[in-house]
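A quick write-up on the structure given underneath.
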Amino acid sequence: MNIELINVWYRYSKSKDWALKEISITFRSSEIVYIDGHNGSGKTTLLKIASLMYRPTKGFITINNKNFWSLNEEKKTLFRRRVVYVHEKPILLRGTVLDNILYGLRIRGIDIEEALDISLNILSMFGIDDLINKPIQKLSTGQAQLVAIARALAVKPDILFLDEPFSNLDKEKRKAVINILNEFQTKGMGIVFSSHNIDIDGLSRYRRIVLENGVIASIYE
Amino acid sequence: MNIELINVWYRYSKSKDWALKEISITFRSSEIVYIDGHNGSGKTTLLKIASLMYRPTKGFITINNKNFWSLNEEKKTLFRRRVVYVHEKPILLRGTVLDNILYGLRIRGIDIEEALDISLNILSMFGIDDLINKPIQKLSTGQAQLVAIARALAVKPDILFLDEPFSNLDKEKRKAVINILNEFQTKGMGIVFSSHNIDIDGLSRYRRIVLENGVIASIYE
Amino acid sequence: MHSIHPTRVRISTTTSLYATGLLDYIAVKFRELYPDVEIQFIPVGSSAALRYAERGDVCAVFVHEPNFEKKYLDMGVIEEQKIFAFNYFIIVGPREDPANISMAIDVVDAFRRIYSAERESTYFISRGDGSGTHTREIYIWKLAGISPTDRPWYKECGCGMDQALIIANELKGYTLSDVGTYMVLKIRGRIPNIEALYNSSTDIVLLNIYSGYLAKGCRGIERRYAELFLNFIYSNPDIVDNFGVNEYGVRLFYSARHFDGDIRDLWSKLAGIG
Amino acid sequence: MKAMAEIIDTILRSIMVSGVATLMASLWSIPLAYLFVFRNRGSVFIEAVIETLVGIPTVLLGLLLYILFSSSGLLGFLGLLYTPQAIIIGESILVTPLIISISYRSIRGIAHLYYEFALSIGANRVQRMRLIVSQSLPGVVAACITGFSRAIGELGIAMMIGGNIKGYTRVMTTAIALEVAKGNFEEAIILGIVLLLITIAISIAIKLISRVYVA
Amino acid sequence: MKAMAEIIDTILRSIMVSGVATLMASLWSIPLAYLFVFRNRGSVFIEAVIETLVGIPTVLLGLLLYILFSSSGLLGFLGLLYTPQAIIIGESILVTPLIISISYRSIRGIAHLYYEFALSIGANRVQRMRLIVSQSLPGVVAACITGFSRAIGELGIAMMIGGNIKGYTRVMTTAIALEVAKGNFEEAIILGIVLLLITIAISIAIKLISRVYVA
């Protein structure tokens, strides 16, 4: 899968300034991309646009050469199901950890047994099987972030967008997540993440894109 | 100034577990200490105890060989004025950036002209003089963190305690803060900080203390 | 000479009497004679007015419910009765008068006609609040030898006279009313659907007698002025007789002074029917 | 004993009338609250209007409804005046702004977040709405309970357009007013305490629900 | 014209009476709210009691106070019944739980934070208290305004212990009730609308204050 942003501009509705300007870039399966940049440089905005959540104010997004935003609602949903974005601050649903992991699977119509299977798998991959029935309000910030990432991986998107995934994790958990991401990447998943935190040793080869004031300032392969 | 923790234990009032156990350590002027440890290992708790905010459940704290918690209220305040703690999430007062910087100076009885002088100085040191009259709710998270740190430095404490001071700062701002801290340290200020984020290149020589489960696991000089 | 702190005399009164404006009107006249005295009326439910006197919270009461008054007189709560005015209860009902009560020979006949009227929706609205008017209504049913309380057209509103009239107007029903409240609402156009269909100045059961009392617990200067006020009303029949004639076109109240002995006998009779 | 039966009858009627009024009000208030959240244009204006209407004096609303429902009024032909239905309608209008405003605030607090989350994980339009509804449910239920509490404690409307007719439109508040007028203060206090107990039960229910909600 | 003067007189009296009642209630409610925040032992119990008392039916409170103030009551010797002072006392009791509960919530929301901050930057005991008070002020003011709004719209107490005496204890709500009894619906509606306008003004004031607060 290819998500191509063609000369994309974005402006928040109550704002006068452009948050993103003339962005042209392609995100692909099997590739890791690291979005770097100062606070307010546009990382979050770019990730949300690329993960098909925000509609560009100007410019186009094509997926496998189809203009995404001129598709009908149904087709849009089909593409969106192949792309998952994980928020900077984890957004969890009321209920238990399991309820959260199940959600993404159930809305895709996966039956409950299979969904349970997948959920258990991903939780043990993250080493948090013991949390399975914990109500979400009892999780620490770091655990909540792990659950959010696990929930996204459970649905095996073609491309996964992670916004500052490591910010609440201590070194060990960070290592664990990096290993899991590497593993999914080798199986063909594209991974795009933003970070302030450059301690990402151990991550497979990645492309680094530096944003400055809403513009792509440089790209390091 | 010396703050010595002697076999300090701490338990939160509604909790059964000890957050800190048998901690003995001394913090001094002119010294930089880096408190490291996983989420929940007790970093914040230790900083708040050492900065004379929380009273140990067991054990003693002596300052210049006086038992701090058996002093009278007045003397306690005198010592507390020589020690400042900056919260993980910046706590700002309603009003402008200037109002915030002034607060710590004014409660020390410093007259308004001198206080204004000091405030302007510290803000320009941080390169945020242009924010001086900005209402605090218009600051970005990173700017709020800078203001909180600047406010603490304005009162020139003997020892400054910073809880995850770099977490919301981008690389450039982080560099700037590190330079400022170095400068104050050479002038004799003690600095104690906690961090997940090990990108603290450029910081002067520091002692690293690693907490694990409320206990000091190791000390690196 | 106005003193800075006027003597306040508190009098509880039934809301319906107060709402006609008679009492405020008299109080203004009284003040011309006694500028240092401020008469304060507390308009409440009729039984509550007597209850207030019992608890010693007011110095005098104005009511029109002989059966209750008797009870409180016997209990020694109130005294010095002054019957100061009377008028008549009337039966009001829909203009079309489906029960044909305007042809009734007496009030008992009128109630019987209401009871046996062809019914679609010819309601009778009963105050249902234990007030004097309510007691009188029950008495009339008793005289007629019939009991309507289990009938679907018999509605107990548990409300004041004003509300009962408004409900009768809406439901196009009959009700027993004092003439004062009826006229006040009529003149303001609030009850266009109903008319006074039966009235009689000879029927003793329709006689509505207003009395003033002093509360036994009331002492001192306040009691003296309260007594003065009661006497003032009693001894100024013109004020009572003329009140509201210009505004309503009819007499709302008749001064009792000229009928003193008779009215007292009638009052005793009515007090016995509770 | 007859008196006891009558009191119980009145209490049950109060609960029934206010319950139906609250349910009816919820029927339109909750969707409206969601609508206001989703189309958030002009929301400042709508918010101000709704919050103002929350504070409308009940005698005023009662009077306006009386004029509307009275036989010479616009809706007089419906013959609703002095029926339990009239109280239900009146109270449902009364609590509408209250339910809208509390629901609105609780939905608005979370809608944007869960909308973005639903979008991010691939929910379709129906699933997105459903997620927001399910996540905001406890707040909405609490809003309805608050509405019920307001309705059952309300006097002006029940009196003016219900008429306090015994065995038909008499509810707890009008019964209390009647006992007071009769000078039966003791009975009035007993009824008042029952009413208080009901509102206590309600406030406990809200506490429990909002605890689930925070959870 | 005389009627107009009377209406204005009634409106001014309402504002005065409710205003003084609110001020008085603030005198003890606000310190109590701070006290409950600072000594947070047993707070769950206190919270439940206070929030329950917020919903007390005003006729019930009016009746209880009447029995207390009546000359045969415990406080009868004070001679307060049927005076504006009685209404003021009654309304100040009525709004006390409301002011406490709203202030309490707004203070509790920030007290811990600013206490810790004040401690961390070296404030002494007085400065710490002063900081918490200054930071929580807008929420407390909003609570008082809400209390005023409740007091001015209240009927039961003004009726039962004020007595609705013309030119002395007649306030807007009791005047409305009387005008309705007299069949003067127009006057009642005018008074009702004035009351509504006052509550609108109040809700706008709260909005503005809470905006400052968020700021």
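Order of writing sets the chain letters: A, B, C, D and E. Residues in each chain are counted from 1.
The working rule: contacts are C-beta pairs under 8 Å (C-beta built on N, C-alpha and C of every residue); 3 or more make two chains touch, one makes a residue touch a chain.
Since the structure is predicted, the reported quantities are computational estimates derived from the model, not experimental observations.
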Count of contact steps on the shortest path from chain B to chain E: 1
Any chain in contact with chain B as well as chain C: E
Chain pair, most C-beta pairs within the contact cut-off: D-E
Gap in Å, rounded to a whole number, between the CA centres of chain D and chain A: 43
Euclidean distance of C-alpha centroids - chain A vs chain B, Å: 34
Between chain C and chain A, distance of the C-alpha-averaged centres to the nearest whole Å: 81
Junction residues of chain B - those touching two or more other chains: none
Multi-chain contact sites of chain E, meaning residues that touch two or more partners: 180, 185
Contacts with 2+ other chains: residues of chain C: 44, 160, 163
Touching pairs among all chains present in the structure: A-B, A-D, B-E, C-D, C-E, D-E
Interface residues, chain B side, partner chain A - complex: 37-40, 140-142, 167-173, 196-199
Chain D to chain E touching residues, read off their complex: 48, 51-52, 54-57, 59-60, 63-64, 67, 149, 153, 155-156, 160, 173, 176-177, 180, 185, 188-189, 192-193, 195-196, 199-200, 202-204, 207
Of all residues in chain D, those that touch chain C in their complex: 70-72, 81-82, 159, 163-168, 170, 174-175, 178, 180-185
Contact footprint of chain A on chain D as seen in their complex: 113-114, 116-117, 119-125, 127, 131, 135, 213-215
Footprint of chain D on chain A - complex, ascending: 48, 51-53, 73-74, 77, 80-87, 91, 93-94, 103-104, 107-108, 135, 137, 151-152, 155
